[in-house]
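Here come two complexes built around subunit A, the first alongside subunit B, the second alongside subunit C.
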Partner chain A sequence: MDFLNAIVALANFVIVPGMAYGAQLALGALGVTLIYGILRFSNFAHGDTMAMGTMFVILITWGFQSAGISFGPLPTALLALPFGIALTGLLLIGTDKMVYQFYRQRKVKPVVMVMVSLGVMFIMNGLTRFIIGPGDQRFADGERFIISAREFKAMTGLKEGLAIKTSQGLTVVTAVIVVAVLFWFLNRTRTGKSMRAYSDNEDLALLSGINPERVVLYTWLIVAALATVAGTLYGLDKSFKPFTYFQLLLPIFAAAIVGGLGNPLGAIAGGFVIAFSEVTVTYAFKKVANYVLPDALAPDGLAQLMSTDYKFAVSFSILIIVLLFKPTGLFKGKSV
Partner chain B sequence: MTRRDALLFVFVGLLILVTGFAQSWNSALYILNMGLISAILALGVNLQWGLAGLFNVGIMGFVALGGLAAVITSMPANAEEWSAGGFQVLAGLLLGAGTIIAAIMAYQRLPKGRTRGLTMVAILIGGFFLFRYVFDAGVEAVEAVNPASTGYLGGLGLPVLVAWPVGGLFAAGAAWIIGKTALGLRSDYLAIATLGIAEIIISVMKNEEWLSRGVKNVVGLPRPTGVPYEIDLQNSASFVEKAAGFGLDASTASTLYVKLGYSLLFTVVLVVLLWLAQKALNSPWGRMMRAIRDNEVAAEAMGKDVTARHLQIFILGSAICGIAGAMMTTLDGQLTPTSYQPLRYTFLIWVMVIVGGSGNNFGSVLGGFLIWFLWVQVEPMGLALMGLITSGMSDGYWLKDHLIESAAHMRLLTMGVVLLLVLRFSPRGLIPER
Partner chain C sequence: MKKLLLATTATALMTGAAFADGHANTVKIGVILGFTGPLESITPQMADGAELAMKEVTDSGLLLDGATVESVRGDSTCVDAGAATAAAERLVTSDKVNAIMGADCSGVTGAILQNVARANGIVMVSPSATSPGLSTAEDDGLFFRTSPSDARQGVIVTNILQDRGVNSVALTYTNNDYGKGLADAFQAEFEAAGGEVTISAAHEDGKADYSAEVGALASAGGEVLVVAGYVDQGGSGVIRGAIDSGAFDTFYLPDGMVGTKLNDVFGEELNGSFGAYPGTDSEGAATYGEMAKAAGYDGTSAFSAESYDAAALIMLAMQAAKSSASADFKDHIFDVANAPGEKIFPGELDKALKLIAEGQDVDYVGASAVELVGAGESAGNYQEIEFSDGVYSTIKYR
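Moving on to the complex of A and B:
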């Protein structure tokens, strides 16, 4: 029984949150990795793109809520999501036409593109704060739990409860759907194939008549969808605050690099690697240890490897270790 | 420096003078002092980016390390905390460092294979638990002493001016570690690595209360010799008399006098560093650096050790940022880890370097002053603009309130627009490289 309790405690505090966070990071990292593979630069504005996308969704959600439209037990934000994606897509394409296109045609060094993305980051960050403010925004509604700790205890008779929030379940389900659609698109459709060809070998792709501007256009649209979905899921699960989204840049980049920049499969793996290490290293294992170990061996302290404030340190250390021993990432990424 | 460059500097000087006449001399001197520090920061970043093409987005971390150096050097040592557990904390840290060194040695000495991996993991895990065992008890003991006023180990009690070079050393040390791991890999990896290390430095400073009180802040740092306290000036009869001669009351005069004292000190540092940077730029070493930046392969073929040179200049540039960080904390008189924001301490400096002109030291200095001036002045300007836009709306209308409330965020927007405009229409900056 103690062993079961330990597993349930572990699932409640490590596995379920880790899965949800991992899915959110994976979606974010997919966006970064796609831009890197096709447009060939590290997009520092990605965190703020997520913030802006989420902001659109929040504004539309509020509109729906005040109009009395709801999505039953599911959060209204899901209804607003397509509109948010469309707006973010327009925004990114506009940014590309006004900013990035110029440098792309001049074939500047990737690092100049990164610098340009810093400028875009500033503007998006400023706009987000300008429109919705720098504070916390809550927009989750509908049922809070798929299964609450109390129900679980009553159901199983265990001492430990397992709570799964709607947002967590939703995150994983949505992420699976989005990733499945993305891979179907990249591997099966003509546009997707031309995108992969362009990413693998630009010159060859151009020679075979692929229109680069079209590829870029689709890339931004996909990135808009990924960023908005990732941002909205993160916002539903935790809460929306522009600065937090900016800070997400680090774990997202870590995930993309650990998996191998430019490799979509790697981005997903990287997201989960980073998420689970962050959650595991900063979780206090006292409870689990108390169940599993005999009383004499039970820890006095929290049995926490590191305090939660060091979660950045975790993603960063993993990043460094992978870079030192496998510079192109776990899956083979590309290097410019 | 051409006549055009000189005119640009005169223009920025005029901007600050206008602030003095139109707003107050207090804010003009504030802009000047922080502008001097920003110029030094921009100089450091320009060394890395302009001369070597290294993309460092962890400036905030180096600045914060400089601030930490100011506390560790200048605050008095807290004897009670030291006797409670100070040495245990040190022993813990040594154990931690020893573990990492042992693991690295195992990696280098043992033959490749499973034994090596297992030994390293064993050393790291064993070392970590040993480290936590010794370190945690020490930390707890230190933080339990007088938590409301001290609760940290304190510093060495040296004059705060000593902290400035020490800040440089701290930053150089951190830069060495980052450079050793991330240089030689791809350019964006260095960017991500520096971004990460900066966040980690800040989180260490926020959490390790035994070191610098964490988020409880260290206040009341001593001032450098030559900069008096306002209250002493106000109590001195001769000073009050002189101030009256200028038509100023004692309290205004004393704050201005103190700020001018800092300006003088900062100017000396800036001039020395600028002179050194110019010497470096025009020396054979500087030419080699630019050759490496422009064509790494060719430079390598000429027998230049690219990675070693990159490491060198990365450390130098970061050290300058550390010095500036120590100066900034000295100016504030307190260390507040929560005030370190990447947009303000990293990306703003980048805007300064790009706008001023990367590769040109004078350009960076100009950019430092100009962008700092904008950063300070955009907020009142934004507020005025919003006032103008909303003047037709009735009071209490939601849009009016929202617009006026949000005017503060115009800063980031303006900086982004300035950066993009410069990158697009004048990518070499106001004073281009020559």
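Moving on to the complex of A and C:
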């Protein structure tokens, strides 16, 4: 019984939140890594692209909600998601035509593109705040929990509760589906193959008749979908606030780099490594230890490796260690 | 055509002269608050409070021979000391404000005080900086606050918890001057009174995820979670995580966490939680509430009353010193704020100005029952709040 309690406590406070956060980071990192792999620059505007995409979804969700359209126990935002993706896609393609294309045709150095994306980031940042405001927005509805801590305790008779939020379950399931579709697309379809060819060797790809503008177009569309899905899932799980999305950029980049920039598989692994390192290293194992160990051995203190202040230090230490020993990331990406 | 030109020029010249005239008798007060950042949902009502007092004085026409009081807003951002210093520098050097009503958060307030106020000799009255550190900061007699130090809040929190029979709490604070100051003050007080703080864990504002903090807090345990954070920031994030994972049901909410946003975001989920923020049941608070309502904003919002009082104190001190220069009126703030003298409530600023002009003493009570103590900070009155049926309401004054 005690052993079960220990497992449930660990699941509730480490595994479930870590999985959900990891999936959110992985989806964000996939977008960053795709742009890096195919368009060859680090897109600093990605966090704010997520914010804008989520904003579209929120506005449409509010429209649905006031029109009385709902999705049963699931959040209405899922219905609004395709429309949000379409709008974000238009936005990104517009941005590309207006800004990035100019620099791409001049074949500027990647670092110039990075600075350009920084400018785009500030504009998107401002636009989001201008349209929806800087504050928190709530758009989640439907059933909040798959199972709540109280229900779980009543059901199992255990002392510890296990809560799984709908948004957490949804995040993991959606992430799996999106990743599966993305890999199928990249590996099996003609467009996907041409994208990989363009990524591997631009000149060869051009010689074999691949239209670069088409590749760029598809890349932005996929990135729009990834960013909107990631942003919406994150917003449903936590809350929507433009500033937080801007801050998300850091762990997302860390995830993409740890995994290996330009490698989609690496982005996913990186997302989970960063998420779990933040949660586990700073977790106070007192409760778990008290359940598992005999009384004589139970710790008096918190059994906490590091105070939670250091959780970012942890993920960045991992980043540095990985870069020192494997400059291309855990999975072979492009070296930075 | 020639005539028209001539007339236009003449008019322009005259208006120019009129403007210049107006400027000669204008008092400018800088309102530096975090209009963006962690406190952005309560700062508009704070600025409205300060500007209401300024309007009242301007309308009375009694300050320094009918001076007009003008508000110049600046953004302290609450968290970015560099940006706050730059904003304050602009207000002082280019807008030439006579005094500063602000700033709001303790960290930026300290930065502005040291880098701008002391350097330029400008009086600062903060409505909401509560860090105990500011009590002992060097201020050349320029710094005052209409809010109490958190050392006082530590005592209040301890009293409220003990009255409810709570002896073991987990504590999380926002990692800045305010959070750390309050957390330390509270922990010392609570432990001295025999209580147990199982863990004191910092959280960073505006971060993506608080699972790690919630996990550590839950593991340490405790009857109540004390959240010394901001309602627009990590504080709400930690509460969200703690409720969702079933880690804690009851929360203690200090001043930075009390806001109507809690009703909107959490509602029923916070039933049974309690807290306290500065406020008083003196008649001034009620009067101020009415005045704010008439002016079209919510006067019960946290620190709105203190902001009105901060601006009022500045102007009354100017009247007492017969000068709008900070160097002259900084020594008069204590005189107008404390006894002896006729008690002054909100809406009576004209009466106060008249009394001072006649050479009589006033004791400014205002909207938050101002009584300055120590190095120029409010003695502190708190209202205890409790959640039931998804909204919080004041149940007691301390």
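Quick note on the criterion: the second predicted complex is superposed on the first by the 329 of 336 C-alpha atoms of A that agree within 3 Å, B and C clash if a C-alpha of one lies under 4 Å from a C-alpha of the other, contacts with A are read in each partner's own complex, and residues count from 1 in each chain.
Just so we're on the same page, a residue touches a chain if its C-beta (ideal position, glycine included) is under 8 Å from a C-beta of that chain, and two chains touch if they have at least 3 such contacts.
Bear in mind that the values here come from a model prediction, so they are computed numbers and not experimental data.
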item	value
Joint occupancy of subunit A by subunit B and subunit C, clash or fit	clash
Partner chain in contact with A:S42 - subunit B first, subunit C second, else both or neither	first
Subunit B versus subunit C as contact partner of A:T76, first or second or both or neither	neither
Subunit B versus subunit C as contact partner of A:Q247, first or second or both or neither	both
Subunit B versus subunit C as contact partner of A:M115, first or second or both or neither	first
Partner chain(s) touched by A:N12 [first = subunit B, second = subunit C, both, neither]	second
Contacts of A:P327 with subunit B and subunit C, given as first, second, both or neither	first
Which of subunit B and subunit C A:V99 touches, first, second, both or neither	first
Subunit B versus subunit C as contact partner of A:F285, first or second or both or neither	second
Partner chain in contact with A:Y21 - subunit B first, subunit C second, else both or neither	second
Listed stretches 170-178, 206-214 or 314-322 of subunit C, narrowed to the one that overlaps subunit B	170-178
Subunit A positions touched by subunit B in one structure and by subunit C in the second	134, 247, 307, 309, 312
Contact footprint of subunit B on subunit A as seen in their complex	41-42, 44, 99, 102, 110-112, 114-116, 118-127, 129-131, 133-134, 246-247, 249-250, 253-254, 257, 261, 301, 305, 307, 309-310, 312-313, 315-316, 319-320, 323-324, 327, 335-336
Residues of subunit B that touch subunit A when the two form their complex	53, 55, 57, 128, 136, 181-182, 185-189, 191-193, 195-197, 199-200, 203, 206-207, 342-343, 347, 350-351, 354, 405-406, 409-417, 419-420, 423-424, 427
For the subunit A and subunit C complex, residues of the former touching the latter	9, 12-14, 17-18, 21, 134-136, 138, 145, 148-150, 153, 161, 163, 165, 234, 238-239, 241, 243-244, 247-248, 251, 275, 278-279, 282-288, 302, 304, 307-309, 311-312
Complex interface listing, subunit C residues touching subunit A	36, 40-41, 175, 199, 201-204, 206-209, 211-216, 218-221, 232, 236-237, 240-241, 244-247, 261, 264-265
